[in-house]
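Next up: some structures, all given as structure tokens.
The same subunit A turns up in both complexes below, where it pairs with subunit B and then with subunit C.
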Partner chain A sequence: MSRDVIMVRPLLWPRLLRGAVLAVASVVLLAYVLAPVFWLVSSSVQTEREIVSIPPHWIPDEPTLQNFKAIFLTGLGYAQPTPTGVDPTSGGFIPSVAGNLLPAMGNSFIVSIAVVVLNLLVGVPAAYAIAKIRFRGRNMALYVILATRVIPDIALVVPFFLVVRKLGMLDSLGSLIITYLAVTVPFSVFVLASFFEQMPDDLDRAARVDGCSRLQVLLRVFLPLARPALVAVGLFAFLASWNEFLLALMFTQTAASQTLPIIVAGITSDFTVSFSFLNAAGVLAVVPPVLLAVIFERYIVSGLTAGAVKG
Partner chain B sequence: MARIRFQSVSKRYGNGAAAVSDLNLDIRDQEFLVLLGPSGCGKSTTLNMIAGLEDITHGALWFDDQIVNNVPAHKRDVAMVFQSYALYPHKSVFENIAFGLRMRRVPEAELRRRVQDAAERLEITHLLDRRPSQLSGGQRQRVALGRAMVREPSVFLMDEPLSNLDASLRISMRAQIRHLHAQMRSTFVYVTHDQAEALTLADRIVVMRDGTIQQIGTPDDIYERPANVFVASFLGSPAINLLDGVLSTEAGAPCFRRGEFSVTLPEQMAAGLSGDRREVVLGLRAEDVGEVVPDGPVLRGVVDTAMPAGSDQFLGLVVEGSMMFVRVGKDSRVREGEAVAFGLNPSRLHVFDKVSGRSLLAGPEA
Partner chain C sequence: MAPHSGEARLRGVTYDERAAAGLLAALAVVLMAVTAFPILYSLWISFYGLNLRRPNRVPFVGLDNYAHVLANPQFWDSVGRTAYFSAITVVAVLVLATLIAVLLDQDFPGRRILSACLLIPWAIPSVANGLMWKWIYDSNYGALNGLLMQVGFISSATIWLGDSAKTLPLIANAFIWKEVPLAAILLLVTLKAIPADLYSAARVDGATAFKRFCHVTLPAMRPGFLLVALYEAMMAVRHFDLFFLLTEGGPGGASDVVAWRIYVETFRNLSFGTGAAMSYILAIATLLMSYGLIRSLAQKL
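This part shows the complex of A and B:
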């Protein structure tokens, strides 16, 4: 005879209620976060007339790609901006800065990719040295690198400006690349150093005995293992550079060096504002980072939490 | 060919702590040398200095007739097996074993032949395509050995390679390592804190403590003629019994006495006896007791505990107020609380100076 087993079931109602509350909360949060993005995309394919209708049309009645077409055509020189004084609701309105959007996007790409590449070139060896080579002042080096990030960006703007001007680099992509590096490299070194620190010292030693110089250990053993951290660091540097506004506003003056956020913001300071056009520009600006985040999503979490928990 | 020589080598860390002080050691070509000692005794530091993984603070390290203090690890003809195995997680077993050869630009055909050959000897051919994470501890250990073997180095270093294996596997791997040494004709330096490993594997053992060498000798030397109390108590299981007492000359022969217990010692121990009396420590290994012989020395005590241990049993005896352990056959039927007597062979006893801890058999202090 087996003994009776008393099963204690959790009560049904509290469980259901809990589930329902969680579901509702999730939906509300999701709506809060995604609604502006949805409106951005939706209004970018609406006409100027439809965009100002009340109540707003979340789903456009007559979707149109005319704004995107205008961005590409003016960017490539096949169309001209609408003269000032024309009512944007008349349709087909093209703001004066429209032609700068594509070059600005190109500038943003050049700056962001240069910052990513240089971040990795500088950050990887620095992080490896801090994590695996015993030298005098090793901890100090990391603290000093991190301490530079304690200063808020706004306090750095004026000194940065003076340096950039003295170097004769105002209104050039170089000025953005070097200042963005100053802002992103400390974080990259920190994340990569915590990642390398987690890797066993014996791995480093084994590779050296097997015939690797320090640099070869880094390239042949540590880098292949650090892919998640490299992706996280690269993505962070890319996004930070892509989104950066304040420094770009200070250092750039002409379309030759202006980046996307500056041009997009410039649309609103025109004499007439076309909201559908503004939103189309906004969509173009968010597509690259969103694509990157989707592609590398699985690496981001594991890379950024590296070093958070000693495994 | 690889003879390794430490000449007054010291190693200090940045915080001033001395890991190894004034180390003088001559490791012969093709010798199997074991560095034995408790954790923190400097044995791994010594090994890492040979590998080139630790800088040398003072002194000179010679490989044959060349000083290698400043030769980096990757330029020394040295292979190493780590306690943690340290396999490259992103490479297959084949690539793990081949890595050292690739770094030395060994031609592909030769590389394949050597990896295949090592894999066959270690019986891991069926694992060559796997990743380290898919292997058991024992298999990883074999891969780590293979990685060192294929290099055919003149110096083979092992840092507690068997510590992470379970007991039965450890015994069979010991045999394999011994075998490997016979085949490879390289100089082996092996670090362990496991005395049994040291005694089975070594041609010579170096016992270390606090960064200094306590004794260098064959396993037999170290076990039978320990140079001091530390060496005596580090080897042997259970640990050697130590009994404080007084050594004096009685009727022309040295005699150890503690309370009622006394034993006359062989003549040569008198050499270390300066003056009439000396405070000493008597060392008696658990297995060195036997039947009482007429007129022979006798150890009397009361059985405190009887602990069967498979083929034998160990008795905890209270002798003159201190606890001693002796090994007897498992058929010996004694009860706790019973008074017993065992015979002793004086030539199997060890006598150490109470103050310095040095063996009196080792002769006068240098």
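This part shows the complex of A and C:
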């Protein structure tokens, strides 16, 4: 930004050219990012007849919320799925999986919130210790945490599955909450540690001189100042848990523990489900994380860059 | 730098060290339970002939699982596909993210809206991403065919994911769409960190904007490029979700990558021993790859 200030005010036509290039580039970028999502949303509000038209109707002629209505009514028990044997194209068809979407959303919420809480409980004290206390083995601790980020999640699936099965925890939300810590906690510690590191050491020293224990320094001095980092870390843990697919695919078997991605994935390979219903299920999975990301954009961007620079 | 370290050496464990141990205890327990233990356990499994079809006979087979995996030509085919998929991804993400970062580095009205929208692909669950692109690629009613036919690029509906030559690039495209935003954000940070002096010096020397970009901006962004390349390579090598959702390794094995192969070996063939060996090979390969990239990053700095 400051670079432009140094620049001598350029002539008119290069400024116009620059404006035109920027405008075109912005439009291209917006189209690249938004067009697929727009098509997803547009498809979700089309009728069965309209969605199979060639060429596709980019903007539906007769938009309808029937898919979302079906999802919410069956999910809350006010409507029943259409019995088998009825022609899906007859209109008002409700696939049998429709009722599973809302409970799965509930499961996703429970798992994600639990993972967020555990991440903060585990990550905040550890990050403070790594950032502000010089102890023997500090570098080792950093390398260990860094190394865990390199392990592919698919390499953890085999041992996790066997342990979870042995403990009788297959098909439970608990197994998801615990195993999701493996994919979230190291990153949370990195983001928080890099945030704590930016805070002045004097703050730490002054409180220690005043007779605070380390825990008191953390709780009374650092925690109140760390709110942006806590928000960012909470969001990352929430989004990672909400979006996680691989582990949930292995550990969940029934609607009792299946999270939203699992139900949605099941719908994509279900040939009785209409294309528009499929897209409505996709929209349902997309709305919460996208809303969070757009609302908390600043926190996320600063957290991502902090975590990446360290990690 | 470390006011307590001298004291620590003299008197054994200091208060600070005890405090640090207490604050790190929960993390240590969690990392032991969900990373260290599984990694060691899967090493152990990889030495046994564990197959859940015959759960009562689990013979010790030593390195046979590894030998079996490494001697299988199909495994090497899938390694090749993973390498191809990762190479497309890393190159495309680097190019697109650089262009986006350069755009977002400019000051213009609407820049903030643009960067907020950029987070949308990043936030979308990979399952929804898979569903979305599967529908776009649909050979009957998909948007890709619809669009290309409307603009007259193709005259009749084309098969996309079902064509083995196109499968991997198409899956990579869906993956790239989701990965580019994070990469652009990271590159934007490196871009903003370039000292303005470098640009004014180049300008005084009479360098054109294009020359300044090639000789000042690009070299200064090297650490960012390596960070992004490292991260994206790691993500691409392990990626599973889109392969499951879009093609299930098909058509005819055209998208049978290593991650998919591990899944099939373990959860469809129920051969946990060879599955563990394969995932160990993948983990070690990832580790070596990151080590190599970090080494080259450290050298270039």
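By our rule, the second predicted complex is superposed on the first by the 283 of 311 C-alpha atoms of A that agree within 3 Å, B and C clash if a C-alpha of one lies under 4 Å from a C-alpha of the other, contacts with A are read in each partner's own complex, and residues count from 1 in each chain.
We adopt the following convention: contacts are C-beta pairs under 8 Å (C-beta built on N, C-alpha and C of every residue); 3 or more make two chains touch, one makes a residue touch a chain.
Bear in mind the structure is a predicted one, so any value in this text is a computation, not a measurement.
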- Message: For A:15, using the defined touch cut-off, is the partner it touches subunit B, subunit C, both, or neither? Pick first, second, both or neither.
- Response: neither
- Task: Could you look at A:49 and tell me whether it touches subunit B, subunit C, both or neither (first, second, both, neither)?
- Result: neither
- Query: Which holds for A:134: it touches subunit B only (first), subunit C only (second), both, or neither?
  - Reply: both
- Message: Going by the contact rule stated at the top, is it subunit B or subunit C that touches a larger number of residues on subunit A?
- Response: C
- Message: Quick check for you: in the superposed arrangement, does A:203 touch first (subunit B), second (subunit C), both or neither?
- Response: first
- Now for A:225: first (subunit B), second (subunit C), both, or neither, which partner does it touch? first
- Message: With both complexes overlaid on chain A, does A:242 touch subunit B (first), subunit C (second), both or neither?
- Response: second
- Query: Regarding the shared-chain residue A:213, is it in contact with subunit B (first), subunit C (second), both, or neither?
  - Reply: both
- Message: Counting contacts the way the document defines them, which residues of subunit A are shared by the two interfaces, the one with subunit B and the one with subunit C?
- Response: 134, 136, 213
- Of all residues in subunit B, which touch subunit A in the complex? 14, 48, 51-53, 72-74, 78-80, 82-90, 99-100, 103-104, 147, 151, 157
- Using the touch definition up top, name the residues of subunit A that touch subunit C in the complex. 1-4, 6-7, 19, 22, 25-26, 29-30, 32-34, 36-37, 39-40, 43, 51-56, 118, 121-123, 125-126, 128-130, 133-136, 138, 141, 144-145, 147-148, 150-163, 178-179, 181-182, 185-186, 189, 213-215, 218, 239, 242-243, 245-246, 249-250, 260-262, 264-265, 267-268, 275, 278-279, 281-282, 285-286, 289-290, 292-294, 297, 300-301, 304-305, 308-309
- Please give the residue numbers of subunit C that touch subunit A in the complex, ascending. 1-5, 8, 16-17, 19-24, 26-27, 30-31, 33-35, 37-39, 41-42, 45, 99-100, 103, 106-108, 110, 114-128, 130-136, 138, 140-143, 146, 149-150, 177, 181-182, 185-186, 189, 196, 199-200, 203, 227, 231, 234, 237-238, 240-241, 244-245, 259, 262-263, 266-267, 272, 275-276, 279-280, 282-283, 286-287, 290
- Query: Along subunit A, where are the residues that touch subunit B in the complex?
  - Reply: 134, 136, 200, 202-203, 205-213, 216, 221, 224-225
